[in-house]
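Structures given as structure tokens follow.
Next come two complexes built around chain A: one with chain B, the other with chain C.
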Partner chain A sequence: MRNLPWVLARAVLVAGFVLFISLPLVMILLEAFGANWFGMRMLPAEWTLRWFGWAARTVDLVGVLINTAEIALLTTGLALVVSLPAAWAIARYRLPLKPILIGVILFPRMIPEITFALGVARIFYDVHLTNTVIGIALAHVMLAAPFAVVVLVSTFEGLDSRLLEAGTVMGCGPLGLFRRVTLPLALPGIVAAALFSFLASYNDFVLTLMVYGADTVTLPVQTYLSLGNGYLSVAGAISTILLVPSLLFLVAMLRMVRPENLLGGLKGA
Partner chain B sequence: MTAAARRPEVALAPAGTAATGPPGQLRHLLLGGLLVCPLLLFLAAVFYYPLAYTVVQSVTPSAGGGWTLAHYAAFLGSREGLGVLVLTLGLSLAATLLSVVLSLPLALLLRRRFPGRRALQFLMMLPITIPSLVGALGLLILYDRTGWLNVVVLKLGLLSQPLAIDYTIPGLVLFYVWMFFPYGALVIMSGLGAIDPAVEEAGLVMGAKPRVVFFRLMLPLLRSSLWAGAVMIFLQCFGAFSVPLIAGGNWQPIGVRIYTVANVFLDWPQASAMAVVMGIIQAGLVVAYQAIGRGGRAA
Partner chain C sequence: MSEPRLVLQHIDKHYGRLAVLSDISLTVPRGHFLSLLGPSGCGKTTLLRVITGTVTPDAGRVMVNGTDVTRVPAYRRNMGMVFQSFALFPHLTVADNVAFPLRVRALAREEQQKRVIEALRMVHLEALAERYPRELSGGQQQRVGLARAIVYRPTILLLDEPLSNLDASLREEMRLEISQVTRALEITAVYVTHDQREALALSDSIAVMKLGRIVQFGSPEAIYAAPVNDFIARFLGYANELPVVVGDGAARIEADGSTLHIPAPAPNGPATAFIHANAVVLETSGAPAPNRLACTVTDLAFMGDSVEYVLRHKAGLQLKARVPVGGAIHGRGAAIWAVLPPDKLIVVPRDAGPPSAG
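Right, the complex of A and B next:
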């Protein structure tokens, strides 16, 4: 099996794959950090940080970054507040109609964002939630909560009841039990749910596009707006910043879980 | 709410104990229901109500009053509407086939441990972790008339004219493959992981050539994973929005078309009808995916 054609074919496959996947992102970096990149040049004629300065001055990059982070943090908090108790109940209680309940919770991830985004846009407009941080965060919770519930249910189902009992026997009150036993055991799952929620909001484009306004532009929306205005390099600079959390998240996740178990949490549109 | 979440651990029957009779069941029902309530209220307000709103909009006559299926008829009965559906399904089908062809060797490769395997896994996950918009932007630059691909092809003298890839249908298919193949690769990888390595070894020990082992043993065992992976990729392609929005040019698949009809033509009832059709097709695909998953496990 280890003959030369086989090894060569493998090398070509790997090299082709690496180039195919990575080059588009290399292009983003070249666009963001280069200038005078025209015609048949492979690399920009000049390296510069000026596009980040442009983005800061012309499209208020700092303000946009703060909006995006605020919305993502608020989404994470809200998603955890509603998902934690629900996941606990699903994992540890005998509830009737559990499959239907889970279906109702997961349905938002089964249909395209744009389908309910249309309704969200109209309703939020009527109740003055468009162009508000809380409004966009509320919409984003619909992206984050279903998957947070999935992660948390499997976390809570995996808790060893004997440890919880032992805690009670050893004299822990309900609060002490939660703080000393339940929380430490469930923490990795809760952190994963929080990270997924944050990223779902930080990266969201479709829903945000339907409910954002002049005061609540986020990084993905600004990337789109800059592109529409023809400022490719500014869009590249914003994209570079937009990429950072996703890359950190990916590194962290690959350390913790096997990639095939990540399926379902990530969703592009 | 968090206080309520903390309390029930003590009241909790250890998992695995037999049903504790009516009082225990009632407590489970009441406390459990109470804990699930906030999420359900949230879903009702921000998801199910908007969804119902979209459905109602889609059957509201433009002139107001009563109800009508005219918007559905206008979409499904017109050349233009059918064109949108054919474009969307055609793009998705082509991208799905190519993605599966790319995913299979990759999944086989990543099965074994070798130096750089983690880096390859990282790369494979990139397209579905980063915002689609950023990926689409990078793809547009790479495959531009003056992008790297064309510069290399022209400098090597392989072609005299640059290839037109951006804003064409083959370009969109290529972009979809880049963006969505990892979904298929992941499904196939987990399918491969479920196959007992002894099966492959047995085939080889019995003297079958690697090619025969692959086609006669591995491929049939992988069949349900391949189908599930294909449906998964198709699902993603069908729902694609960011990529065709900025890289589609004049080609508008259904998601982008809905956005255009709503935000440019301001015809919300028409956009709603299209959105409902899209939602039904997508939900159908999800059901198909889950059915394949169940079938695969049962087999």
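Right, the complex of A and C next:
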């Protein structure tokens, strides 16, 4: 028997949750595509693309996009280079002081980002890494690597060692085993780690704000700058542009990697 | 005479202070099917890994075709292995799983295809070549495992409890499959199991293992007829055991001191007499006969072609008897004679247990 009040309550709860998550997003989209939105009006009086035009005229959008992409890609590559061997060692070997090691890796994510950012900025001024793509990418690696390591550790821990034994008995040397067995089995986890790293850099604002310069403005920083200039709708337009790759990645991730693989092991992936 | 396919000489392996394998020596001729039979923890799987090369022994030598391979890494030994867990690659189709060892060996494409089809046909799976392992039943997955292990014509085929992850109904079918494939290819096989029926049915010879040692080695018939101690007799599934003391050519049942006639002289001292359930004869009357024990029926189960009785002897011994259907059925509580024919009894010394040193 259907229990109608319960079904209704559930529908309201789900709708409320979706609204709670999406309302800020809806507001920004309305700001970006609307005009003459004043007072107590529910919706803007006018729909327009002019804020995107303004954004393009007042801001070097292409340059900002290129900066952002360069930094995010560089971060992704560096984060993988660092976290693949680290995660392999943590997952597959008996290491002394393993908890301390994991603590050190997670540290940059566990403290307030602004504290961490101040320290990074202090160092970067001395070594002239502010306002450089490589410098900002290096700083972002500190934020991206913890995520990547956590995902990769659970990936590598989930690798079935019997499959590795099977590969070895069937004739795979160490390199062949990595290429033919380990890598394909771990691929969903590696893709997830790469996406997380990319987004950690792409979405970052606080740390970037402390070390960016005129040549290295990223989209989140540009959004903030435009807001500072008093143009909420232009900031909304830039935010909307910022949103597109994030949503694409989210869709890609859900299609390529089963969500449970991000949370637990990869058994039977 | 050609060299034996596999010779193990005085293999020792310790994990910390635990001796997993102690002084194991074995010879397996070409085309021979050897089973390593023993309870879990007896070292049989470790011994298999010593042969594949994924475990290096602390002492001893592994000889394949007369060549010492003890220090040769596993991936250069050309061994084939069937795993208890199947160990199929989940990211590859059935055909790609079977082709995997051929790709590693960089065989020509046409040769690969030919051999994959051949191997899949051998295990009757050619129709499922494009499926993924997760789409197959356990029995089908293990047949893929078998095809993958023979497709590159390994020097020795090793099977690690290949049936124990299968449903009971599938085990016999898969066992026949393994038997047919290994005989057809005349491949040398080493088969690890804790199931004495599998070992008896498949093997040319059996090594019974306990606590890292080989306790008895011989043909299935010889081991079944004459187990060397009570551990092996129990392991081979003898249903009835009677603790006895042997002296002056006769055995006395420990429980009540009555005499048990035994077929052949046994060494003096404590021993155990064994008899199969289907060798026990039940009588309700008749002349006194040797080895006739007064019992009460405590339980019975109708098995279709036979009836299984659980009997209790007055001295407290419990006996099991399996009688073909046809005669009268004795109900619970019935008084009955259980006759143990002397020629069906075996009397073996009691296992000394683990050696105290080592």
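Before moving on, here are some points about what is shown:
As a working rule, the second predicted complex is superposed on the first by the 223 of 269 C-alpha atoms of A that agree within 3 Å, B and C clash if a C-alpha of one lies under 4 Å from a C-alpha of the other, contacts with A are read in each partner's own complex, and residues count from 1 in each chain.
FYI, a residue touches a chain if its C-beta (ideal position, glycine included) is under 8 Å from a C-beta of that chain, and two chains touch if they have at least 3 such contacts.
All values derive from a computational prediction rather than experimental measurement.
Touch criterion met: A:Val169 reaches chain C, while chain B stays clear of it. Within the superposed three-chain model, A:Val82 lies in touch with chain B and out of touch with chain C [touch as defined at top]. Of the two partner chains placed around the shared chain by superposition, neither chain B nor chain C is touched by A:Val12. Where the contact sets of chain A with chain B and with chain C meet, they give residues 162, 165, 168, 177, 268-269.
By the touch criterion stated above, chain B contacts chain A in their complex at residues 1-2, 4-10, 12, 14-16, 19, 25, 28-29, 31-36, 38-40, 42-43, 46-47, 49-54, 57, 102, 105-106, 109, 116, 118, 120-135, 137-139, 141-142, 146-148, 151, 154-155, 178-180, 183, 186-187, 189-190, 193, 210, 236, 239-242, 245-246, 255, 258-259, 262, 268, 271-272, 275-276, 278-279, 282-283, 286. Residues 160, 162-163, 165-173, 176-177, 180-181, 184-185, 187, 268-269 of chain A are the ones that touch chain C when the two sit in their complex.
By the touch rule above, chain C contacts chain A in their complex via residues 52-54, 73-81, 83, 85, 87, 89-91, 100-101, 103-105, 134, 148, 152. Against chain B, the residues of chain A that register as touching in their complex are 1, 10, 13-14, 17-18, 20-28, 30-31, 38-42, 81-86, 88-90, 92-96, 101, 104-105, 107-108, 110-123, 138-139, 141-142, 145, 149, 157, 161-162, 164-165, 168, 174-175, 177-178, 182, 199, 203, 205-206, 209, 220, 223-224, 227, 232, 235-236, 239, 242-243, 246-247, 249-251, 253-254, 259-263, 266-269.
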